[in-house]
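Residue numbering begins at 1 within each chain, and the chains themselves are lettered A, B, C, D and E in the order written.
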Amino acid sequence: MIWAFGAVLFWLLAMALNTWLAARHGASRAVQLFIPALFGITLLVLWEGLVRGLAVSPVILPAPSVIAARFAGALPILWTDFVQTILKGALSGYLIGCGAAIVTAIVIDRSPFLQRGLLPVGNFVAALPIVGIAPILVMWFGFDWHSKAAVVVVMVFFPVLVNMVAGLKATDALQRDQMATWSASYGQALVKLRLPAAMPFLFNGLKIATTLALIGAIVAEFFGSPTRGMGFRISTAVGQLDLPLVWAEIAVAALAGSAFYGAVALIERGVTFWHPSQRGRS
Amino acid sequence: MRSVLPILTVLAAILVVWYGAAVWLNSAWAYDQAAREGRELTLVDVVNGTMAQERPVLPVPHQVAKGLWDGVAGQKITSKRSLVWHGWVTLSATLLGFAIGTGLGIALAVGIVHNKAMDLSVMPWAIASQTIPILAIAPMVIVVLASLGVTGLLPKAVISAYLSFFPVLVGMVKGLRAPDGMQLDLLKTYNASSAATFWKLRLPASMPYLFASLKVGIAASLVGAIVGELPAGATAGLGARLLSGSYYGQTVQIWAALFAAATLAAVLVMVVGLIERVTLKRMGMAR
Amino acid sequence: ADDVKLQLKWVTQAQFAGYYVALEKGFYEAEDLNVTILPGGPDIAPPQVMAGGGADVMVDWLPSALAAREKGLPIVNIAQPFKSSGMMLTCLKETGVSTPADLKGKTLGVWFGGNEYPFLSWMNTLGLKTDGTDVTVLKQGFNVDPLLQKQAACISTMTYNEYWQVIDAGIKPEELVTFKYEDQGVATLEDGLYVLEANLADPAFEDKMVRFVRASMKGWKYAEANPDEAAMIVLDNDETGAQTETHQKRMMGEVAKLTAGSNGTLDPVDFDRTVKTLMGGGSDPVISAEPVGAWTHQITDKALN
Amino acid sequence: MMKDLSSMAAPVIEAQGVGLTFETNDGPVHALKDVNLTIGRGDFVSFIGPSGCGKTTFLRAIAALEHPTEGRLTVNGMTPDKARQARAYGYVFQAAGLYPWRTIAGNVKLPLEIMGFSRAEQEERVQKVLSLVDLEGFGKKFPWQLSGGMQQRASIARALAFDADILLMDEPFGALDEIVRDRLNEELLKLWARTGKTIGFVTHSIPEAVYLSTRIVVMSPRPGRITDVIESTLPRERPLDIRDTPEFIAIAHRVREGLRAGHSYD
Amino acid sequence: MMKDLSSMAAPVIEAQGVGLTFETNDGPVHALKDVNLTIGRGDFVSFIGPSGCGKTTFLRAIAALEHPTEGRLTVNGMTPDKARQARAYGYVFQAAGLYPWRTIAGNVKLPLEIMGFSRAEQEERVQKVLSLVDLEGFGKKFPWQLSGGMQQRASIARALAFDADILLMDEPFGALDEIVRDRLNEELLKLWARTGKTIGFVTHSIPEAVYLSTRIVVMSPRPGRITDVIESTLPRERPLDIRDTPEFIAIAHRVREGLRAGHSYD
């Protein structure tokens, strides 16, 4: 019990500190890194404290310290799985899926007919639950990372397509009128106006797609895989009640996912520096 | 209504590709079977053979349609074989989860926009939370909640909420920050309270963003409810149908359940879209 | 009546017919028990459910139960309705497999999650490495597609379930080669009843389990004697509506062969053989030490005598 | 400075050595430098100067929308922030900035809702100010259905709907034709005479500045600073044809000279 | 109509009975009605009229950005759409409308890129027009770092960077002070004299209209129609002090009267 109370106390103190810091020194770069870090540490302390304090069975929820120890002990396994699932499955699927979506958006952009036809059907396909698609794609593309990449392609394609199509329409009337008075060709208006104006929307889609890509690659491994990969490890480790290993893999997923998201957000900041949402925080 | 013809065209194109792919993918099995029985196959035999397999690699559209029809109209809707019954089970968890997720997403967004500490600390962790493979922790969520005495609809709804809160959060944060500098400056000169700024400026300005993310959110809710059904004992619901179809290699059943789920999602998204149009029209924002 | 929650290892099917028969035929009621049967599935780890208090007793395979014990969840086998193992490796003859020696260089589908150890142990005895040099191992999904699509030369099947799916798909028995783990000497105990060790000390719980095991075995013996009726009872209890009558009737017939030799009492010889198999499983054994106190006759002795 | 003495009686806005620098990607931009100015209660002060000289920036600093990086700026003896909390300001921005989801009437009503006027009074005031800017009958339209000048007038109506002590107007009549502009100039003078508000007014029109103001502040660019403050000797009561008097023309001439001096290429 | 005869020689823009109605949710808005006008090659035509009278709409119709619902409108004998494809227009919009992702120089360069000027010529022209509007040194800044008037000047530079036959300008100098405005007026006249462009110019300033134009079109609102077309008798060569001549004042007076007549409340 002392653990639980201690953790809750720590939580309250840390939150108070964070609130104070944000109000006082919110603009400083160090504080902007410190606050989320402290928040994360607080979550971990709370978790550790509650698990210990309430004597939660380790086969239901292991404490962070136990997970960290397992993480350190299983580095080679985690690395193999990371390469298999994230570098091979998720990343290649992400690049293919997003690339195809962008190209498709530009292609159908000229045809309102295709847009009106494709987008509703696309929304329908996007709503197909991954747990239904994954086994089918594993059946089609085999057990190795190719089928995982295929699942990722299916998952990221439509969010990116929808955002890109919306982005290509996002120019305001005045900007379009200017292009019209210069009698810009379709291609010129596309390159000089509509693609730049679409970037904030596109990146919206690309950011959503990062988390989807990870989830897709991992979950697809539940439905058949070689004997490596994060999804493989998670599903087999659950069967062996090796929960610390499960959570170590989850930690890898969360770290890789956040890094992936952060990288895309960084590129976004560079590309759409002019957008009011980016200008506010320079 | 102008969309009917384009949609039909696209659908027709998909059907053609689908039939073609089905013949191509299923023919291997037809040839194998013929070889095992020592028969020769003509092209017509192959095509016919690929259209009526028990466990095709890719069922042809009319097989799926028949599966759907049997599931929807061929049963009493209270029957366990009725897709309407399973759809209803999934829908109820979806709606509850959507309500929880939307509420949580909006509440967090409001907090983030108004509180700098929350802004800095919540967002990175909300993003991290979405990179956790839900299928991996769904069983644990179910077990943990069960050990707390929570069973039935709620655990599924919690998983569904977990998936739907994020799009709502992201969209709402963006929407609540959509007002430009001048719009905010105007209220500053009135010394408007942050409550007034919220109700009179931020909230109305966020409406288009809110609805965009609600559409993503409700589809995510449905996926969450289906995922939640897998470890919940795989008893009833479209998720259970998908999984049991998968155990027994009943491809047609999988595809029928898949289409039922996607149709349900499409209907839900359409309902949100309808509410959106009415709301934006009343706000004068639909041009 | 006393409440008992039973967690199954897999979805509702004739593999668990005894329990459904006992429920429907009123055997549990006669013992003053109010039994709830919770179906399982690939995403459910029954020991975890028990640890979370979601179930009083579970059906599990011994490897998985022993692994849980090592991971700090003390569970104990209280009864063993299945005498023999139904797991086997089923191969397409056309891939050139007819004896275990032919497996070299082939791709094999294996169930993981605790069920891979008999396989690894077997490969160990055959001297085949499973890291891709001698055989390529796939984590097989839940159906027999890898065999039908020729993605694997052999896949794991149960005598009572997946094997028949292969047959139903249109492949003739003579086109298949099967290796039963039972025959290869690496069989492990399947489908036993397990409870938490701590609960056994409670006389009220013990009494409840005694009545439960007694009624369950009555159900099993009834199902063996009336396989078709038992299959129909299972079918009625399947909420997904995915099962078919022919498949369940045939499954019941096969399951009856596996339960046939058991009155519910665990045979320590079988237990020791399982442990030997598990500890011989190559480089990364599921259990590292000889388990102690992982089974008891405390319940069956009272229930069956 | 002598010319500031006249308003020393009741200083409403006091700037002492105010400077304001924006940090941008390619170095700092000095928008204001060493600005000294005192505005008394009931003054009507016009700001005139080449584009980019910091007029908007100074008005924004008064309203606490920007914060000076140097010097001291007080409003009613308190910081601009405090004054804003006391709801001292009515502000007309350089661009109309109407909320697109509110009708014209709804936009004008907005500050009234925020300041807690009764519903009946809201209605009454909205009608009054809309007719003042000649927009009766357009209350139910949405902003994008109006021409540029009409939007600008709606935004003026919005700032006049409530009774702020200090009215800050950034080129409010820039998009209006001469006739409407004359009429609104007259209305503004009447309002000022009636209410005794303190008004800060940015304009590019020299006649407008001379016609309206008690004092005209001439600014020069890069860095923005005050080059001349001209006290108007015109009477408070000003018919439109005062613009043809020699006195008027003399003041206008001095302003034009001041302005010209601020332009590098002259 | 007699006064149109003068330009009959080479009509560039011809409007015959042009009407334009916007359909809005609460009924149609008649923005233009029965507009007849002929603009000859090399004419400088100003449009003046109360806000909301349809000036912007008419300019947009000439540039094929709106399409008349009635009547006939031709440009160089073809439809406005065809003329646009022939790159006949330079258009300065009422709002600056700079692209936020391009620097000021990049914005000015944009039409040059589109029209396929060589890189060297692009650079040269950008420098020239930026210094024309007094923005040298601001080429590397982004639009949001400039004041309202500076943005407006950048947008003028953009329209002048290439050699369109027809220049359409919608209140281009509205946000500029008198000195800059005078200077740009002079520059515009020089440019016009040098190139013989046909210019359509919307303004709210009567002196500006008189100073610049060969003809002044006075419009009245709801529905927007032409109430008067005034031929300027001023010589083509116009020093700034021509504004003090009796001839100038007489024309200005006539414009003012026409404008006043269009205002209901006079």
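Everything below uses one rule, namely that a contact is a pair of C-beta atoms (placed from the backbone, for glycine too) under 8 Å apart; a residue touches a chain by one contact, two chains touch by 3 or more.
As the structure is a prediction and not an experimental result, all values here were calculated from the model.
Chains that count as touching both chain A and chain D, per the definition above, are B, E. For the pairs B-C and A-E, the count of C-beta pairs in contact is higher at B-C.
Farthest chain from chain D, judged by C-alpha centroids: C.
Here the chain at the heart of the shown protein, by mean C-alpha position, is A.
Centroids built from CA atoms put chain D at 85 Å from chain C. Look at where the CA atoms of chain B average out and do the same for chain E: the two points lie 53 Å apart.
If you average the Cα atoms of chain A and of chain B, the two centres end up 17 Å apart. Touching of two or more other chains is recorded for residues 95 of chain D. Counting partners per residue, chain C has 42, 45, 48, 51-52, 141-143, 145, 149 as the residues that reach two or more other chains. Listed for chain A are residues 60, 135, 139, 222-223, 235, 238, each touching two or more other chains. The chain pairs satisfying the stated touch condition come to A-B, A-C, A-E, B-C, B-D, D-E.
Only residues 57-60, 135, 138-139, 142-143, 221-227, 232, 235-236, 238-243 of chain A touch chain C when the two sit together in their complex. Interface residues of chain E, counted against chain A in their complex, comprise 60, 63-65, 84-87, 89-91, 93, 95, 97, 99-101, 110-111, 113-115, 142, 144, 168. Listed in rising order, the residues of chain B touching chain C in the complex are 29, 33, 36, 54-55, 57, 79-82, 86, 135, 138-140, 143-144, 146-147, 230-231, 233-236, 240-241, 243-250, 253. The residues of chain C lying in touch with chain A in their complex are 42, 45, 47-48, 51-52, 64, 67-68, 71-73, 112-116, 130, 136-143, 145-146, 149, 151, 286.
Residues of chain E touching chain D in their complex: 24, 26, 29, 48-52, 56, 94-95, 134, 140-141, 145-150, 152-153, 171, 174-181, 183, 204-206, 256, 259-260, 263, 265-266.
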